[in-house]
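By written order: A, B, C and D. Residues from 1 in each chain.
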Amino acid sequence: MKGQTILRVRYEETDAMGVVYHANYFTWFEISRTELLRKYSLSYKEMESKKWYLPVVEATCCYKSPARYDEEIIIESELHFSTDLYFDFTYEAWRKSDHKLLAEGRTRHVCIGENGRILTKATRNIKKQLFGVS
Amino acid sequence: MKGQTILRVRYEETDAMGVVYHANYFTWFEISRTELLRKYSLSYKEMESKKWYLPVVEATCCYKSPARYDEEIIIESELHFSTDLYFDFTYEAWRKSDHKLLAEGRTRHVCIGENGRILTKATRNIKKQLFGVS
Amino acid sequence: MKGQTILRVRYEETDAMGVVYHANYFTWFEISRTELLRKYSLSYKEMESKKWYLPVVEATCCYKSPARYDEEIIIESELHFSTDLYFDFTYEAWRKSDHKLLAEGRTRHVCIGENGRILTKATRNIKKQLFGVS
Amino acid sequence: MKGQTILRVRYEETDAMGVVYHANYFTWFEISRTELLRKYSLSYKEMESKKWYLPVVEATCCYKSPARYDEEIIIESELHFSTDLYFDFTYEAWRKSDHKLLAEGRTRHVCIGENGRILTKATRNIKKQLFGVS
């Protein structure tokens, strides 16, 4: 399962070095994985109505080249089918104009309920819905 | 009722112009009014446990001089006793090193309950608690 | 001169009240006025290459109704031709699904050069380019 | 080289899940390493006046427990002396009230000059200044 999102660098996302502040890539990754889930008819909002949440338990980013204000950025995200316990997304950020790779990232998520407990069954159900496997 | 908060400009708060991004002053104002209310033993968290919220219904800022990374900023806030319907805070942001005025702002707040309805009685109660008047 | 931008609420833009944090509307306004200027073939980046900047000197927002995560928001912005000394933009934010008005705002900008001095001539030139008047 | 920073969770840093948005920990880490460098008389600003920058080339965070609005957070950071090519900082975030571990992180930095090229000599000089070794 792969998806692509295009976004434009906001002025607010730049810093005094003239480039995008590093923490903002994690926000971009979040936008991209939300779009990916929506594409496969699983919206965050829908899950939240069931009181299921997919918090980030691990996040990593390697920065290759800086992004600048007003540039269009392609975020590619991929959901990986691994164990029943968590979800892994990987990401690549490219500048659209010259297809330069800007960053690579990864986030790990668990599915939790309202009480904060990990929902193994819900995780399995979501994966089934997404990957069409039982 | 007046209070003062000192904070240091975060790198994340700067933009490609090399100065603090204008919207961040509203976050600083929020920090300052929270400190002010805490000083008068009324914490946001306490109110939220009662399901009372003080959302911003109006916000204004006039920018006089830019703030830069790593500078220490003094935020002065003042709560104004006006009508029973809302709260008004005014703010001044100063650079600590040379006491240069950076910005002046104002926010207006109403007290709402969980259902989003305006709580006139709660507003009155909070004001009584803060100003010691009935 | 009017323009419209559609954006989707990011999770990062929400706060613990479950709605969009008030300061983020100013970021949305910035996105919208940039789009408007781009539409009239005047990009921020272009201006920055000439070392012209349009910093915000005043910003105001009135909040009517809260925006929530994942909602699509329409930002309408309008540039007003007033004096030669500054630019005024006004904004309206609507929820796309039910066309509910969420907020109204205004920002005032001056054109400054690299040294931070106000460029009256540049302001006039930009206005001429935008409005086609001399 | 170790240091400690205490900060209070800002409302702006929370999200609709009622907890601190994950990307904000990276901003906290930045504040903490800046404090650490300042303590050892090496301020970011000083370096920037020499046109030396320490951009993040890698960033990782493992989230253990959520932080909430208004909580005081202790960020412990440590600078590691490794090769001449880069700097590694590790971080721990604790809730002050109950000393619960909230997150652990790591960032890697290189020293670059104005043209974006990696300054091996400057890296070595900074390390010498910090660690007192040649």
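Assume a residue touches a chain if its C-beta (ideal position, glycine included) is under 8 Å from a C-beta of that chain, and two chains touch if they have at least 3 such contacts.
Keep in mind it's a predicted model, so treat the numbers as computed, not measured.
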For this session: Could you work out how far subunit A has to rotate to sit on subunit D, using CA atoms and steps of 5 degrees?
Result: 180
Problem set entry | Remotest chain, subunit B as reference, centres from CA atoms | A
Seminar exercise, completed: So, in whole Å, the Cα centroid of subunit A is separated from that of subunit D by 23
Exercise. Where the CA atoms of subunit B average out and where those of subunit D average out, how many Å apart are those spots?
Worked result: 28
Seminar exercise, completed: Whole-Å distance, C-alpha centre of subunit A to that of subunit B, is 33
For this session: Could you list which residues of subunit B touch at least two other chains?
Result: 11-12, 16, 19, 23, 27, 30, 48, 69
For this session: Could you classify the connectivity of these chains, where an edge means two chains touch, as line, ring, star, complete or other?
Result: complete
Problem set entry | Touching residues on subunit A, where the partner in the complex is subunit C | 8, 10-12, 27, 30-31, 34, 43-45, 48, 69-70
Exercise. Okay, in this complex, where on subunit A does subunit D touch?
Worked result: 16-17, 19, 22-24, 26-27, 30, 48, 53, 55-63, 66, 116
Problem set entry | Footprint of subunit B on subunit A - complex, ascending | 11-12, 14-16, 18-19, 21, 23, 68-69
